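Take a look at these structures.
Same chain, two partners: chain A is paired with chain B first, then with chain C.
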Partner chain A sequence: MTGERSPAAGRRKTLTHRITIGVLWAILTPLLILPLVAIFVFAGRGGWSSFWRTISLPDAQFALRLSLWIALWTSVANAAIGTFSAYVLSKHRFRGRGPLTILVNLPVAIPTVVMGTSLLLLWGPIGLLGRYLVPLGFRPMFAPFGIFLAHLLVTFPYMLGAVKPVLDELEITYEEAAYTMGAGRARTFFYVILPALKGGIFSGTLLTFAHSLGEFGATAMVSGNLRMKTQTAPLFIFAQFEAGQIEIANAVAAVLAVLSFTIFVFLLRFTRNPAREGA
Partner chain B sequence: MKRKWTAETLLAIVLGAALALYLAWPSIQKIRKTRPRQDVLVVYGFSILGEVMNEAIFPAFSRQWKEQTGEDVVFTSSFSGSGTITNQIIMGAPAAIAILSHEGDARRLKEAGAVRTDWREFPARGVVNRTPFIILVRKGNPKRIRSFDDLARSKIGIVHPDPLTSGGARWAILAEFVSATRDPSGADSEDQRRGKAQLLGIWRNVVGQSPSAMGVRTQFENGFGDALITYEQQGLIPRPEGEKKVEIVRPSRTVLSEHIAVLVDRNIRPRDRFLTLAFRDFLFSPEAQRLFVKYGFRSAVDPSLDRTNPALADMPGAVTVDQMGGWEAANALVFEKIWKGEVLKELGK
Partner chain C sequence: MSIVLDHVSKWFGSHAALDEVSLEVSDGELFVLLGGSGSGKSTALRIIAGLTRPDDGRILLQGTRVDDLPPQKRGVGFVFQNYSLFRHMTVGKNIEFGMRVHRVDERERIRRREELLNLIGLDGMSDILPEHLSGGQQQRVAVARALAYRPSVLLMDEPFGALDALTRAQIRQSMREIQQKLKVTTILVTHDQEEAFDLADRIGILDRGHLVEVGPPHALYRRPKTEYVATFLGAANLLMGDVREGQVQIGDAVLTLPPEAPQVKGSMEVKVLIRPEDLEISSREGRIEGKTLGLGRIREKFHAGPILRLKVGMPSLEGVPILRPEPTYGQAEPTLISHALPESGEVASLETGSEVLLLVRNLHVIPHEGISILVCIDGSDLSRRCLDFGAVVASQMHGRMVVLGVAEKPNEETRAREGLSLATQLFSEQFPNLKTRFRTGNAADRILQELDREEYGMILLGYRGRHGPARSIGSTAERITMLSRVPVLILPEARPSLRRILICMATGASSRSDVIFAGRVAERVGAAATLLHVSGGDEAEAGAEPADSGGVRYHLRELITERLVRGVRTLKLMGVNAQMKVRHGLPPEEIVEEALSGDYDLIAMGAPDPPRWRGTGRQSIIDFVLEKARQPVLIVPAASPSEG
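For the complex of A and B:
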């Protein structure tokens, strides 16, 4: 595929090599591969016709669509906000930059349930801001917009993490050349920096999309779990599993798994080495 | 650098287009046909109600409403642990009507200002349906469990709903307590000592918990534990997975859980009030009560309906919470003082 010979190529036939590979499979099979297999086994237990029947249930369809819409909007919004934030954090020096850099990465470390709760305590009817805004008719919680807000919050670091390292490594000489040729900040950003960031933004967007598609903790707190209204695919799966409808739960889970798989295939194929190409 | 127009890029575009079409499909259909005006009613219920509401009560009411007014009503619903939905409604979830597992959650909604109408003025003091607490065991009862006393034996594994979020768990604790006392109210110190010993013995054997009665049943059906303390109704409804793998043990002394319907006045817009009240009335109507009985609940409005479901065996030893001194008193004594204050602490040691 790549044409170049990997360093391990010479040792391909040796015993240690084979043992190493065997150990990897031995670890990953029960850890990762078999659980995924189980989903598909349970999803397909009733055969294709039964799979189609479960997957075309109106609430399953609604949940899948809602999840995809939310993931789409989250990725688009995060691509813009995340790239902008990465640019400012990387290229500008200002008071509070250090703490802010740490702060924007916090959502990775804090449990998503906590992030969801924090939104509820801000925008909900008894929340810090919601107390004043909800009476005015602004009710983001228990509505799709609230789910969007939650997903934006928990996926933010992934976008930033994909873009900022590229920016940090982007050699200053390109920008300087642009400036010396008389380009302004905005022109430099759109014609010099942005093209170099293409790979980073692309992979950040796909990562955001995939994360949003599977987000559970924060969503459970802010969505209200209303079927046909605010129930996303993961919440639907959980509700069906709780109700003992394991087949329905697994049918939707299988669809999510295939979608995520597809996303990551493209992620790996298209962004094979954006950083090296960019710089 | 110029990107090559590879098969992969094409595939990505095709997949992207297919996804876009899939996402836009409902809107495309909406353009083709305009839908008639619909009334929407948001109903929250505790976990075990999901099936009967979605399959029977909602369709029956929609039919009746259509006949009476010519308008369509669409139900939006959410079913989860009683404590969970109570918290969600307090936090602003848009329910117009909620059916809770016990009066304690109804009181919390009232204290939070979400509920203003007194449910005790509804038929049967707001009790939509009820069901005694029983023990679910594996088919053939291999551990020979006959009563709550047997659950305190060694080498028994119990799965239990989580009292923090599940109303069923609260009822289960009351049932466990009352199974050991001489008088249901558990007023004298000897009864309290017996009740506490029973709770200690049972809770020492709890091997798994889940946030709702529904979730814990799934856990049980997936092979965890030897016994599950739950609503009788849960043992009666057929489930695709666990059917015929479990059986019901009806203890001679247990508690009858009473499920309360409340109007969430804070969320009812004036123009929806009529519809909401009509649905509230429907819940207590003979038609709805018969449907509840068909799905394994017992009727508090008209107990004679219970005979229409042969699976509902007589349970003379099932006491109501009123016989235990009312929800508030029973909860304060059994749950707060004895279970939380003493049993949990001793188990933690």
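For the complex of A and C:
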């Protein structure tokens, strides 16, 4: 195709090319781009000072901080549990492996509100376990720990989905080579397998972080939406919107959008494999 | 002994990946395990390394039993086919990994690393990541990594498999040098004969989990003990002959036996191996006593790399069973192959079609054990019939008999065992090497398993007749016929002897192996063969006169006749008294008609294609024939093993 091309053919090509690109823009602009722009337009309406003022409200501050903390811990916990699960599901053959693989991916398919409800029905005051544990003082629901649990549940498939394919591609001989050289299981895992999973774990963690930051459905169910106690940033935005405080809602939304955007830029730039959703 | 395997077995389900393999490899030896895919060679290697657990047997490394040791404690170096270099580590780190694990101090580590890099010719490449190396370089790094911590043995699984031909040849040489320099005991697994011959001190040949033969490459090639090795290694002419007083007779030719051949009193049937390079083509004059095979004609001649390959037609060998090169259907005359150097003047000048004299420069004989027949019984009333007919076939074919008793349910055990003791009682005198085996479980599974364990030429199953709604010959026979490469003889009623064989060409897959195998049986037992073709009903309606039928139909008839004539010719070449017959009508009915009127002792058919077994709603031809003709039916799969 690098040979001489007639100018006419070139022009035709350019024309169809331009039309195609134009159509794409025409579709995506109202669908994706304008909504994002709208947030910033509304957030910035009152100028920088009003933006800062809204953001510095104690409620807003708390909500953002809580969201960041939850996202951080969810990511850390998920990196460990998700990698471990991916390893076991990928490298071990055991009874129930097939159903389990489907099960751990279910949270992607089930509405997050339902996931939240399921947690309530387990840990809540009238839940299966909750009815015995709550009287003993273990009260995970309507507390930050409950939100953490919910986020872990909801984001679990993203971590698994990022790590397991890498592990599946890693031939069994990769670790066997280490075994024959005398390395035990732990050493092999930490020195041979883990480094090979670096990319997968990194992108899985970022995905988890981003999802946790924006999680709404399950959080709404388990948190109780208590101001300055369990109100995460998305819940805060929704509450403010409902209360007619559109400017406050928009400011926090803009912050969330910027954070998520930054994470995705990272994700795209620093991972070789594009992020895979679901395992 | 550095490595000892003692009766090591490994089963995957009912399939034996390794069956009682015993092997000893001496210090510093480079031993090559050679075998096709699925022969169990990689499993053997993994078992030695401790990556796979054997089901039975012992493994000793440097005199120590290691069966219960994990791979970490065995001190072996393993080179994988895909190298499995750690991709996030540099070449140097990869090589040092084993030494780090073994807590070798840093100075020694670096010294050893540099030494190995020098040895594999990659000096100064310590800091490169493996992905930046070529395939050949990665392979050498994998070897260096496996050798770094001075393992007592080195195991290599198809180490050159992923390389292109040129690189492979170079690497092979440097590998041999490294191995000799370090004197590390090595087992290398490969499917590549050239590689095995190039590298090995000794070769072990694996076939479907059995270690068939072990020996130095040259001895295995020149003096194989088994037909399998004779035909597996290189090209071969393999003919049946008789040894008598220091001479071997093949057809009319009498050749002198080499001094190292087994000396026998009286006469003995043997397989004669003549490597193509030992079959010398000479001008018509020049007979040498004890070396002349006879006159032939050059049929094909072509340059195959550095050698000249010739196919020579040998009319004088008509009637001599030729196992290799495998006879093709309808070939005009027995054919042998000869290799010559193109420069050897006389051969180069000979044209296709010219008459030549064939001299045997060297030959080797393999004792002929005869066909091994697996007679399957369950101890029921059928068993006696099966045993009787099995004995008829085995004795007429000068073969052996193995009786397999299978009990599907616990309460059938006594019965099956009684059947086996009956077999011993009746036939141990006639067959001194009669073997009996007892198994419990699904009959088809156990029989197929037994086929995996030993080389059989034929399976014999009883036929009980149709029962219940079944429209087929019974699930056991059906499964075995579909899955086995060994011909299956299904027996409704025994016959006193094998004198007349009917070979049906109308049924089954298009393969010719049915004619060839049935022909071999006929030749062995001295039976007469009738080749039957049944042409379809509509054709029969058209009448027998060619003038009545259209040109197409006439052409079809020509084709059929041509096929039959070729079949009869094939049989005659094998030394069988053969005739042909054409019948018109529906194949099942006509076959039964012919079978009854001709009073045959055996009806041979090709195995039907799997879809023909079921789903048509009609009874299968085989079932119909068994039911109506009550004569033994021999079902030959499309590709069946050669058997003399």
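General observations
Everything that follows uses one rule, which is that the second predicted complex is superposed on the first by the 259 of 279 C-alpha atoms of A that agree within 3 Å, B and C clash if a C-alpha of one lies under 4 Å from a C-alpha of the other, contacts with A are read in each partner's own complex, and residues count from 1 in each chain.
Note that a contact is a pair of C-beta atoms (placed from the backbone, for glycine too) under 8 Å apart; a residue touches a chain by one contact, two chains touch by 3 or more.
Here the structure is a predicted model, which means the values were calculated and not measured.
Measured by the number of chain A residues touched, the leading partner among chain B and chain C is B.
When both complexes are overlaid on chain A, the residue A:Ala196 reaches chain C alone and has no touch with chain B.
Once the two complexes are laid over each other on the shared chain, residue contacts for A:Arg227 go to chain B alone; chain C is not touched. When the two structures are aligned on the shared chain, A:Ala178 is found in touch with chain C, with no touch to chain B.
Of the two partner chains placed by the overlay, only chain B lies in contact with A:Gly130; chain C stays clear of it.
Once the two complexes are laid over each other on the shared chain, residue contacts for A:Arg187 go to chain C alone; chain B is not touched.
Applying the stated contact rule after C-alpha superposition, one finds that A:Glu247 touches chain B and leaves chain C untouched. Interface of chain A with chain B (complex): residues 65, 68-69, 72, 120, 124-126, 130, 134, 139, 141-142, 224-229, 231, 239, 241-247, 262, 266, 269-270, 277.
Chain contact summary for the complex, chain A toward chain C: residues 171, 173-174, 176-184, 187, 191-192, 195-196, 198.
Listing the residues of chain B that touch chain A in their complex gives 1, 8, 12, 15, 19, 22-23, 26, 42, 47, 50-51, 76-80, 88, 90-94, 210, 212, 214-215, 217-218, 221, 239-242.
Chain C makes touch with chain A in their complex at residues 49-51, 70-78, 80-82, 84, 86-89, 97-98, 101-102, 145-146, 149.
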